[in-house]
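What follows is subunit A paired twice: with subunit B in the first complex and subunit C in the second.
Now for the complex of A and B:
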């Protein structure tokens, strides 16, 4: 049917004027892919679907949301009330809101698996360094986007999370105070902050879309890596359609089932997707005892928290991202896939575990024990990158196969 | 093209002017992000400190953020001495925000108040801006220094301050609690800002 559509007179007419048919063929149908891609390779397509869900639900939320912290009759704020109105009065507003909130968590879940896949199969290595770097940039833009979005409901966690995170800018020597007021538009987080965060939360997804587009374009220059991490021969190459269109659609289907289950049966994820305290309106006089970001930001937050010095904590957190950026050059082994790299494989699994531990600690109130565990996990995180340049010197690779 | 010196000079000049123009255009956008005039103007608060009972603390809103007013007892004032080596900045010398122009003697640098009985400090943790909890009687030990004399504990990342708002060593907060600009209008009324 697709073939027929692309062969109609109209399609041909359009193609002569703007090359649509050629693009579809090149990027979607004939695009050459290794034949051994597993389901880990579906997360890219799934992430695209989540992006669409977020933009769609977000635009509809924006039609009823009011970005104002000014108090209303009941002592709450316009922003908080407008979210409650979306939940109770707007037809199916609750559904759209939960789609958006669960979508944010789903987005990070999918992206983290997508990244882990890249690390495991060595997809960050030559010639895909830039693809990897763009991925890390996408992660940073996503984190900025949710950070802006999380302020919008103007609940306790919104307010205090934004207070703590914006204060990070204040630690930059020299220009810190000025920068802090520039971000907040006032002395503390307040109405001007909410207004500009809404504007930015609306803008950033479109920057994200531009980067995602570029990411896919770059992929189509260097082509997909594969679980074996070796260059396939001509025999190992198949067209994207119908093989991976079908495989990815199946993956998307499974994802949507899990996603819908959360939307309908556990939209707050027991406080992980929407933190329980965020159903309380923001109170600038009462800091909640445990301010923690949502789960997908906690590992980085925990690195910040485990350093007993404000500036160094922030430097440490920034450095955690820098390490990710540098990964293609830190790893010097000529072998890509962890399947054939026993030492790297163990290191990588320990590294993933350290992120899990950091995430757990960052989600709980500090106690001396958790602080210690968080510090050890931070060390493990950085030790992974510090050791990376030396692994190939003593690691014995398992023999690589001839072809995929 | 590039070997014609006049032409390449013109290219350079045009690029420099273009870049300068772009920078100049950025100025109003950056200025628009800074606090607006009405936000800046809303920063004056008055408060009668005699309404605070001895040993108690009141929280006053100033510029949308809390300011702590503590009525310190004689015993509380005595608790400020003898733990200098546990403090990061016992004499409040690190940055201008932890000082005030009336802070002249060593005594004033320790009590950090115009009238020693009434401490007026910003209620914003100098780490990342949480509001520390007032714990005048809490015992030391556990996650606190052993001989902690009482003061504020910030639950966010575990910073501790004494009853002059001076920060302890080994916690993430870098500075003592800030001193907001204030003066006495009469015996007991202060104007903050």
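Now for the complex of A and C:
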């Protein structure tokens, strides 16, 4: 049926003028893929599905949301009221809002697994450096987008989270005060902050989509890596359609089951997806006992918090991202996949564990023990990147297979 | 097998951060079985308007909602009796002004629409708080303002159900009142929660069938790849 559609007179007419049939063939149908990609490779397609869910649900939420911190009595505001109106009065508003809130957490869960897979099989290495850099850019843009979005309900955690994070800008020497006021639209987080964060929360997904587009374009130039990390022969190549369209569809189906379970049966994720304290309206006079970001931002927040000096903490956090960007050049081993790199594999698993520990610490109130654990985990995080350039000198690779 | 290690690390992190979210430094909440049936919710609505409404409002719940929400399903006569001369489409609002509240209690009593969602423990917290009034073991906080479950133990709300020094034969009735109010507040915190779960069951069944078809399709298409 697809073949018939591409051969209609109309499709041919369009193709002669804008190459649409050629694009579909090149990017969706004939795109050559290694035959040994496992289910870890489905997370890219799944992330695209989540992006579409977020854009659609977000547009519908924006139709009923009011970005105004104007007080409406007893500590409530227009923004908070409009969210509750969506939850109670708008037809299926509760469903759209939960899809969006759970979607944010799902997006990060999927992207983190997608990145972990790339690191495990060495997909960041030549010739895929640019593909990897676009991927890390996508992560940074996602984190900015979600940070703007979390202010919008104007609850306690929205307000205080935004206050703590924007404070980071104030610590930059020289331009700190000027930058802080620019970001907030005033001295404190207030109505102007909410207005600009809403505008930026709407804008950033467009930038995100542009980078996703570039990421996919780059992939289709250098083609997918595979779990063996070697260049496949002609025998090992199959077209994307129908093989990976159906394999990804199955992956997407499994994802949607898990996602829907949260949307319908645990939409707040026991306080991990929507924090309990965010059901209290923002109160600038009442600082919550522990202000922590939502789980997907906590590892980076914990690196920031581990450093005793605020400015150095910011440098440390920025450096954590820089390390990710530099990964293709830090790793000098000619072998890609961790399947054949015993030392790298162990290091990588310890690195993943350090991110887990950082995330755990960043989610909790600081205690002396947690501070120490957080610092050790931060050191492990950076030690991984510091050791990367030297591993290949003493690592004895397992023999690589002839073909996939 | 190796890849599973990665999944386990991530899942362990999620589970760990979830478990440690539970409250620290407070006594465990009293166990309670909330119900979302008409009898309990109507009883809860009645206790709310007779007791809680003296100081607290439900800004997102109108009198009409008590008739329109099918899980509550009150009759027009029942609602008319409760609302007095307040308009049917007006929110359920206390007669206590913010200024008077500040003068009498030192604080403005919080709106209770979302209270079950905004406190760790939800309905169980409300139930425990209402039945948590005791004599201060150190004798510093006056009777009626000492509450076992309130952070810091000093609460401005003075024992609304009369739990302190209650008679033995009142106990069952007070517990039932607290349970009804806790259920009612847990319900109005998210009035679509039963609809959500009912729809969720259908969606999940649909997705499981769809995914099964995708799996069969995948198996069929991949049959010739070695």
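What we mean here is this: the second predicted complex is superposed on the first by the 401 of 404 C-alpha atoms of A that agree within 3 Å, B and C clash if a C-alpha of one lies under 4 Å from a C-alpha of the other, contacts with A are read in each partner's own complex, and residues count from 1 in each chain.
Keep in mind that, in the parts below, a residue touches a chain if its C-beta (ideal position, glycine included) is under 8 Å from a C-beta of that chain, and two chains touch if they have at least 3 such contacts.
Just so you know, these numbers come straight off a predicted model, no measurement behind them.
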Is A:390 contacted by the first partner subunit B, the second partner subunit C, both or neither?
-> neither
Subunit B versus subunit C as contact partner of A:280, first or second or both or neither | second
Most subunit A residues touched (candidates subunit B, subunit C) | C
Within their complex, subunit A touches subunit C through residues 35, 38, 40, 73-76, 81, 84-85, 87-88, 94-95, 98, 109, 112-113, 116, 120, 238, 242-243, 246-247, 249-250, 252-254, 256-257, 260-261, 263-265, 267-272, 276-277, 279-280, 295, 298, 338-339, 345, 349, 352-353, 356-357, 359-360, 363-364
Spell out the part of subunit A that touches subunit B in their complex, as residue ranges.
-> 160, 163-168, 171, 181-188, 190, 192, 196, 284-287, 289-291, 305, 307-311, 313, 365-368, 371
For the subunit C and subunit A complex, residues of the former touching the latter = 2-3, 5-6, 9-10, 12-14, 16-18, 20-21, 57, 59-60, 98, 108, 110-111, 113-114, 117-120, 189-192, 196-197, 199-201, 203-204, 207-208, 210-211, 214-215, 217-218, 221-222, 225
For subunit B, which residues are in contact with subunit A within the complex?
-> 30, 33-36, 39, 43, 59, 61, 63-66, 124, 126-131, 142-143, 154-158, 170-174
